[in-house]
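There are two complexes below, and they share chain A, which is joined by chain B in the first and by chain C in the second.
And then the complex of A and B:
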């Protein structure tokens, strides 16, 4: 077989297996809960292919993708930045508070908000990195603790003093809204060139552009730069990397700073294009989903994009289930979890096969015994 | 009577290496049988197969004449085989008795442990084999030798009649070794069969009845301990048919490339593992470092390449003091390194060959331009290495994992030498590779020497050291205890310097 096709085939085999397995498991769960799997999936598919729901999918996939990249930067070095969650909360909060206080021309205002978010995210992740490098604290433990500290501690403590009372709404208190110069324009106009008008008040977030830039930059950094080489080498074999002249401590700190900076951008869909403030309903859990998405996407930009789109699709297409009553919406959670679990197992299986296959081919090609 | 253990044609392959190749072994009932071989000769794999931790790809295994096939250590234990691992597997916070019964506790109705029964059984075992232990002492309070005894008792408690001891003396001081040997003889007198894995020849000769030598995964020979000398064993282990590593005319100049002075490196307990070591390596010279493993060679090399910081002293590379500088700076100045463990220190097994060729040199041409990796340049250079150093692989895009050990090593040697280093640190450059690759590596080092490379060669293969080196220094307990001329010594004399049996008068040190 053509080696390139073979490689692509092997790369797709695992996620395809995982997806089929997840559909099968979800079907069983649906049957047990007296729902019809066929109806459920076809309802989701019908609903999910409407233009408005596609916009929802993209809006959801955008922060998931950024979260996936943030986690992947850490994974490249075998660092588990569980703190993506806390980093993006703190970053979004700081960006919302400061962004609301200034008034600048459009691009500058958006730029300032982005910089604040990235700096805060990086600084918070940097804390865990410094603890790891200089005090040997495991980054998993440190970032979990820092998550609590960020959300339940710092934000909870400052939040009451920055709540905007002017609207008079007590139900969903939030920070003062960012002035319009700090809003990122939606992309509806661009999409509507190719399709019909987007209805139901949906707006395709402009943060997609930031996500694309992040994805491309990540790919180039990892695959084409000396730093990316150092990062991957440290992840694959820390000892060999070290004797190869790559300083382990510095790599940990830089990787965590980068991961945190990207994590800071996760909340930008809310801050720049959705709510324009940080409120009590601020979207949760993206950091944790990002870890799964990075794994599912095998730490590559295209892989993470597909994984984010898949999760985004499952999230937004399932909203209909509650309305139509064909099944519980929570079936989506089961699907996501089984896809992840099955993918991790399938990747191992395919990797093992690939390794054996390669040894065999190399032995054949060189005519020697293995 | 059928032999206690009989192995016929045992073969075990791992990706890229054959660990055991048609191994045959017969261990008679009631004997102490030593398995001897260099590191990487396949001793440990063989024992893991015997103890059910790994399964053989081919071959037959018989215990007391019965053909067996172990799926797990549990099967081996059921067949009366016990293993004492090199690294103790004891829970410090539990008592001796608790450790011994762990996993095979006598149980009373209701699931409680029957400590009375356990005490009695332990006492019986201790008496039967003449091994005294205090059952209620916490393991953390025991000396190393006593811990080992607990490990042995643990195995006997489970009814083992055949004991496998994996390098049991590696962790012991001489007095403890004597004590262990006394215990082993008592065990033997009580009817136990003992398989003893070691590579220290004197010990093997002292304790074993018969010795089987393994080389490169194959059984070379089984001999009676009474009928051989350490020299005979060493020849069997290393093999006399090996191509000679001999170097011819001297190429050393007076230009000092590597200057190590008064270097001291401390371990975690602040004890000196490298103790006030000074030497120089000149352009065109190979300086051999001899020493039994664990006498500070690894730490010395670590300090030279920059992964360990010395407590005192300095390292100069080509006149520049590199003591406070990073590994990368040293690499860029022209320090090449062939690591002792190619898998753990030398390669990115899952990365393609061209990335492996770049490792350690990724900041320089042809591997990169500024901050960008130069993929084409890296590939071209890797192709050059493949050709020049005879690295057999289907291409430069296969992963390093796909290569055989010898080809992996040639890739590493090629990567270091094509970078045109001024100083090369080579640690066990031919360990665990086949004879052909070994000869290639020797040639590579020789021709680099002729071109003016200064090489520091550390090796456990004494013929290699004597053959390749222009001078040999001997490390013992962290110190340089002798400087020798390889033309005037043989492996046997060198060996006796390494064990501290022969001492050079202090004036001759440098």
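And then the complex of A and C:
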């Protein structure tokens, strides 16, 4: 077989296996809970192909993708940055508070908010890196603790003093809204050149552009730069990398800083294009979703993009499934979890197969030459 | 290290599955309900109205806030003949506006359970002029512009929690033998739970001006863990009982279960009975049977009344934008007597209730 085709086939085998497995498991669950799997899946597809729902999917996939990249940078260095959650909360909070206080021309205002978010995210991740390098504290433990400290400690302590009480009631209180110069424009106008008008108040977030830049930059960094080579080498074999002259401490710190900086951007869909403030409804859990997406996407930009789009699609099916009465929203969680579980297993199986296959073919090739 | 990575991946997936399984108790209900809607409208009156009931995280089956809303819509279905569709957000609360829009596509009235929907309802209502919207627990008034409704088709349904808390404060003071009672708040700092504390304090002091009240909150806003931390509520309650309190009132959502466990533990350890007071729904019916006998009463926040009344108003063409407060006078708040533990003092509580309804007593909203 053509070796290129073979490689592509092997790369797709695992996700395909995982997907089939997830559909099978979900069908069984649906049958058990008295729902019709065929109806459920066709509802999801009919719904998911509408323009408005595609916008929902993209809006949801954008922060998921950024979260996936943030986690992937850590994974490349064999670092488990559980702290993505706390880093993006703190970054978004700081960006919302400071962003509301300044008034600048549009691009500068947005730029300032982005820089604040990245610096805060990086600094907070850097804390865990410093603890690991100089004190040997495991980054998993450190970042879990720092998550609690960020959300339950720092934000909780400062929030009451920056709450916007001008509305006179504190039910869904949040920080003061960022002035309009700090809003990133939506992309509806651009999309509508190619499609019909986007209805029902949907706005395609402009943060998608930031996500694309992050994805491309990540790919270039990992595959085309010296730092990326060092990163991959340290991740694959720390000892060999060290012997080869790559300082492990420095790599850990840089990787965590980068991971944290990207994590800082996760909340930007809320801050720049959705709410324009940090309030109690601030979307949580994206950091943890990002870990799963990075694993599902095998730490590469295209893979993470597909994983984020898939999860985005599943999440945006939740509304129609419930309202149409075809299934409970739990089915979405079950599908996400089985895909992830099956993918981790399938990647292993395919890797094993690939290794054995390579050995066999190498033997054949050398045998043939002799 | 690589193995650790894989293990973590598996662990992550398993946690998600576990989370999904935790939900699946409710899934039976959620999926079953829309089927019922088509079948049960034979006997009562019928209506073409569909109500889009949009729960907050937890959904039908949470034995509290959302369940109370479900009771209201079930009653509306039986008595008014409306049909309804129900939905709840993703666990991270990311798809609230999408839910509301999907509901608005098939409904004439959309009810959102919980103030976290406030902003999204305002946006979605503006896009759906022909659909009425109601938000539980948010006044939905634009205070920047002198308190006008945040939309011509938006109603805000709020409760006089301080008045209901006043009555259970009265009950606590009348029943306390030690002269010391406790208050556990779920989350401090955003103004809502302080209303419960203010009412409770005032009610207890109205009976016994010298009563000692120990207040404690579990977490501080914006950390909402305090509404779901039974273990910490238990520790706090045990501490209060040790300090001599014999009745503790909680306004801490799911954490309350821990308080009732503490009451049982303390009572069994010391031999003298201590009590807990529940909140939002009649907790005698929702706690596990082993601690039932420690639920003296519950402060009722009648979300079901609000859901039913707004649906009825919509049906009668009387839907009014703006804030409606469900207070004691319309039984929007109240107290429960299940278990019969406060039967002997109901008359006295009713006296206070009459005074609040008549305006003779004005209950403060800040402690």
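Of note:
What we mean here is this: the second predicted complex is superposed on the first by the 366 of 370 C-alpha atoms of A that agree within 3 Å, B and C clash if a C-alpha of one lies under 4 Å from a C-alpha of the other, contacts with A are read in each partner's own complex, and residues count from 1 in each chain.
Simple rule for what comes next: a contact is a pair of C-beta atoms (placed from the backbone, for glycine too) under 8 Å apart; a residue touches a chain by one contact, two chains touch by 3 or more.
Given the structure is predicted, the values throughout are model-derived calculations rather than measurements.
Contact with neither chain B nor chain C is seen for A:103 once the two complexes are overlaid on the shared chain. In the superposed model, A:355 lies in contact with chain B only, and not with chain C.
Using the contact criterion defined above for the overlaid structures, shared-chain residue A:42 touches neither chain B nor chain C, since it reaches no partner.
Looking at the superposition, the partner that touches the larger set of chain A residues, chain B or chain C, turns out to be C.
In the superposition on chain A, contact of A:240 is made with chain B only, not with chain C. Touched by chain B in one complex and by chain C in the other is not one residue of chain A.
Considering their complex, residues 29, 33-35, 56, 60, 75, 78, 80, 151-152, 155-157, 159-160, 166-173, 200-201, 238, 275, 279-281, 283-286, 288-289, 291-292, 295, 315-316, 318-320, 322-325, 327-334, 336-338, 340-341, 344, 348 of chain A touch chain C. Within the complex formed with chain A, the residues of chain C that make contact are 1-2, 4-6, 8-10, 12-14, 16-17, 19-20, 23-24, 26-28, 30-35, 52, 59, 85-99, 101-103, 105-106, 115-116, 118-120, 123-124, 126-127, 137-139, 141-144, 147, 189-192, 219-225. Taken together, the chain A residues at the contact with chain B in this complex read 223-230, 232-233, 236-237, 239-247, 355-356, 358-359, 361-363, 365-366, 368-370. The touching residues of chain B, when paired with chain A in their complex, are 13, 15-16, 18, 305, 307, 326-332, 337, 339, 344-351, 355, 358-360, 362-363, 368, 371-373, 375, 392-395, 398-399, 401-404, 407.
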